[in-house]
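Each of the next two complexes has chain A plus one other chain: chain B in the first, chain C in the second.
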Partner chain A sequence: MTHLLQIDDLVVDYASGGRTVRALDGAALTVEAGETVGIVGESGSGKSTLGSAIGGLLPGAAKVVNGAVRVDGDDVNALGPKRLRALRRERLGYVFQEPIGSLDPTMRVGKQVELALRGRGTKADVLPHLDRVRLKDPERVARSYPHQLSGGMAQRVAIAMAMAGGPEILIADEPTAALDSQIREEVLGVIFSLAAESGTTILWLSHDLPAVAKRCSRVVVMYGGRVVESGSASEVLAAPRHPYTAALVRAVPGELAEGERLVPIPGQPPVLDGPSRGCAFAPRCPDAHEACSADRPPLVSVAERDVLCHLAEETVGAGR
Partner chain B sequence: MRLFSWWLRRALSAVVTLFLVSILIFAASRLMPGGFAEVVLGPFATPEQKAEVAAKYGLDESIVVQYWLWLTTALTGDFGISMISGEPVTTEFGLRLPVTAELALFGVAAALLIGVPLGVWTAVRAGGRRGRAALGRLASGLGVSVPEFVLGSIVVFLFSRYALGLTVGGYVPVGEDPVGNLQSMLLPAAVLSVFVIAVTARTTRDAVLGVLVEPYITAAIARGESPGFIVVRHVLRNASIPVVTVLTTVTAYLLGGAVIIEYLFNLPGVGTYIVQAVGRRDYAVVQAGVLLAAVVFIVMNTLTDAAAGVLDPRFGSAAKGRKR
Partner chain C sequence: MTWWRESDWLTRSGLVCLAVLVLVTVVGTVFGIGGDPGAMVGPRLAPPGGEYLLGTDQLGRSMLPRLFEGIGTTLLLSTLAVLVTAVLATLLGIAAGYYGGWLGEVVMRLVEVLYSFPTIVLAILVAAVAGPGQAATMCSIILITIPLMTRVVRASAVTVAERDYVTSAVISGAGWPRILMRHLVPNLSGTIAVQGTYALSVGILVEGGLSFLGFGVQPPQSSLGALIQQGSTYLLTAPWLVIVPGIVLIVAILAINVFGDGLRDGLEPREARSLV
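What follows is the complex of A and B.
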């Protein structure tokens, strides 16, 4: 059967100043329609590259070395420019980190929404779209230029534009990272309720594991350019199977009982220049043994969970 | 109302600037070694003869009195007479301004119609083959750095050595013979355009490249907009301010007279006239010429700022002191 989104063994390299940096090292992910997926990872884990690859939006310096991204069975990297644009227009929606920067500074907001509607609505449809993202004074917002809006308002506009075409997948790349904490919840609420209304699948890229687990049905953890753990949100948070996920949970403030200590993860995330020989997390892993740095860990499916770890089966029920 | 006060402030500052420029140039022209009397009478003139000439043109008055006389008559639109020809300065400039204006028009048209599209095209294509990008950089580098007199001399040589259908040197007024005018202006305009096109293309290219990496362009690509649509709807306007600035600067510069081109092609333009006037200590002409250049620059600068306010709403609210 065809999945809504299927990413197979995706390998992406960036060429930077004569050096090659491997951003994705065989990432794999399958998403079905209607899921809400939170992709969690540190900066450099490859989550943004993964998000860009879905819409064929990788920058010129990036090269897909191996693997494929399929949306509804269409291989994104094999599409011609015209069909790729149609894919972006009709089936995908993107929301980026920088809300005001994502809007054209020299064009009134209403006009930008109108352009985003292209062929799917006219000027008269602009206000309802702004109303949908719960902007308080849509008419004033429509008349404004982006620099006259707050970050939260601008991000609502960006969401309205991304959702204008009723996309099948909404890819939100750290959509609230640049916003004040009070506004974050409101903006996330808008994203999730709009997506639920129109049956849009959400891919939310974030570094905030508990926030993601709270709203998403599924959590996908990335490390060193691979998906290391994937499973139902509540279970991944409650009983992580991958040592990295476990370390992430222990490093999160607010998830601990009074008196417990936060445990930082020692060391630095890897910067790969080619395929990782063993497990990318092995140097920082408290449970690593010899096989971990020698062999690439295989994907293990245990208890409705996909885990990329040599120890996955041993740790079943270990209650990390 | 806000807009009105903005223009009013610009006008006031322009008046002050012009006043200061006029004092400066008046002082500078009188401080040049050797006066008008020495120039017209030659090295063997007696002091009596010199005094006579000085008295005739009011040059024996103190510089402050001279300036006051100049200023009060200039305010009535009378900029005095050329002491060399005896004709009113305004008449003299009236003869030469059309030549300079025509040359400037060609230059600005070339910048706008060739330089700007070339800059946009090379920027949008920058992601393509490396060879082409390097070639573009080399061409614009050469265009900017080859001196006009080198290129001009080559053109003058080629077109006077071989009959290629264009006139080298001399000026035919448009009114007299439009075709002859075009034949005589095409070569100087072309030489002038090389530099102007290169500067404009390079500025445009840099501006467009700067806009192309903005997040709103990435967002537009992610929405599935086509490259042509993105350039027209998002890139051009956002990249326009530096381009407008270079265009108005080039215009102002050309209206001040392209001295080297005028000399090379023997065109009776404003640039050579002012240079000659400086050599002959033809004070009233120098004074009016420099003031004319100052007016042109002030007008162009004001237009640039006004255009920036229209083109970029962020800039507009800052320039006009408007807070939302």
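What follows is the complex of A and C.
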């Protein structure tokens, strides 16, 4: 059976100034049509690289060392330029972090939406698309240049452009990180309702675990270039199986009773220059034992949950 | 025009000087003010004033029409050459900055080889190969101005290529012609315009130098460089032959550079400026 998105053991290296940095260290992920997936991880965990890899958009300095990304069974890295273009045009949509930066400053917004529609609509179809993302006064927006829009408006336009082609997968890379907190919810609402209407699968890359868990059906936690835990949002948040997820949950403000202390995660996230020998989280893990820093943890699947941890079975056994 | 209101007096005066220079030259040439530039009409080496406003040269040709022709030749040659440079440098810069890879390496190495030649040596080399004349002058200006412009365009193209709107265009299935013409060129146009003005002043300087050395514009046609060269023989007896085209050359280059600075400040706002 082919999955909508299947990422197998993906290894990506960045070469910079004679140094190699491993951004993805065997990431694996499978997504079915219609899912809303939140990919959570801190800066450097590889989530943005993963997002770029799906569209074959890795920069020139990046090299896919191993593994494959398959969209509807098509290996993205093996497609010819023509088919890759078709895949991007027909199946993928991206929303980026910086709303103003995702619009061309030299072109009116309406023209840009029209270009994003290419082959699927004309000038007359621009306004409905702007209307769909709940922009007030779409005609004025269409006539504007990007610098005349607020961040929230620009991000709505970017969403309209990403959704214009009716993509199968919408990859949103921290789409609200640059926005004011009151606009965030509105923008997220627009993304999720549009995607629900058109049956688009969402991959939302974020570092905000509770926010992701609130809207997504599934949460995927990344650490050190690997997917360390994946499962239904409510379960992952309520009963994290991977020590890193557990630490993330403990470090979230707002979930705690008054007087309770937030628990920071000690140490720094790793910068890999090759495959990590053991579990990348071992140096910071409170429960680590010898095997953790010696062997790469295997994938353990228990009850709809995938966990990449030597201790996973124990924690299951202990009923934690 | 908002641009005019936001510009400072220096930029404005540069633009005005340039406009006046071009206007006077065009009017003077079109209406044949001062007569035929090639005709030997008066006494030799007559001082300015009277019948011959700017005097006459060693063959008795009136200097005023020769100056008009000279400015026209110089500006036309330089402008044409810089236009060619702008097109080539834009394509090369984008090839190096956006596409990169081995193509970028080859382009940049070639550009660096060109860059390493001293200006006038390169110009003489071109004149020696192609034979002195207008074609050699234009080729020289193109070869001399291309390296710097390509490097600057490349640097800008590298940053523009990383912008999300370029990625968005790629995602929406845009082919390279659309990305090139719709996104890269418009967003690089400011850089290209600014570099173009600098290249223009370099072009005028190269024409002057090359013609002064006798490799550029050939007699009887005049250009600013050719006028200065011909007049230099009579520097002590008839200094106006050199002084007038010399002043025009200086004013033209100064005006273009000052205008270019203003253009850069307007089109490429720097953080340093916005903090003031």
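By our rule, the second predicted complex is superposed on the first by the 316 of 320 C-alpha atoms of A that agree within 3 Å, B and C clash if a C-alpha of one lies under 4 Å from a C-alpha of the other, contacts with A are read in each partner's own complex, and residues count from 1 in each chain.
Going forward, a residue touches a chain if its C-beta (ideal position, glycine included) is under 8 Å from a C-beta of that chain, and two chains touch if they have at least 3 such contacts.
Just so we're clear, the structure is a prediction, and the values are computed from it rather than from any experiment.
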Clash or fit: chain B and chain C on chain A? clash
So, does A:Leu103 touch the first partner chain B, the second partner chain C, both, or neither? both
Who does A:Glu35 touch here: chain B (first), chain C (second), both, or neither? neither
With the two complexes superposed on chain A, say which partner A:Asp125 touches: chain B (first), chain C (second), both, or neither. neither
Between chain B and chain C, whom does A:Tyr94 touch in the aligned arrangement: first, second, both, or neither? both
Touching A:Asp8 in the superposition: chain B (first), chain C (second), both, neither? neither
Can A:Asp72 be said to touch chain B (first), chain C (second), both, or neither? neither
Considering only the touch criterion stated at the top, classify A:Glu186 as touching first (chain B), second (chain C), both, or neither. neither
On chain A, the residue positions that both chain B and chain C contact, one per complex: 55, 57, 60, 85-86, 88-90, 92, 94, 96, 98, 101-107, 115-116, 158, 161-162
So, in the complex, the side of chain B touching chain A is made of residues 127, 214-216, 218-226, 233-234, 237-238, 311-314, 324
Can you list the chain A residues touching chain B in their complex? 55, 57, 60, 84-90, 92, 94, 96, 98, 101-107, 115-116, 145, 147-148, 158, 161-162
Quick check: in the complex, which residue numbers of chain C touch chain A? 100-101, 162-165, 167-175, 178, 182-183, 186-187, 189
Note: in the complex, chain A contacts chain C through residues 55, 57, 59-60, 85-86, 88-90, 92-94, 96, 98, 101-107, 112, 115-116, 118, 158, 161-162, 164-165
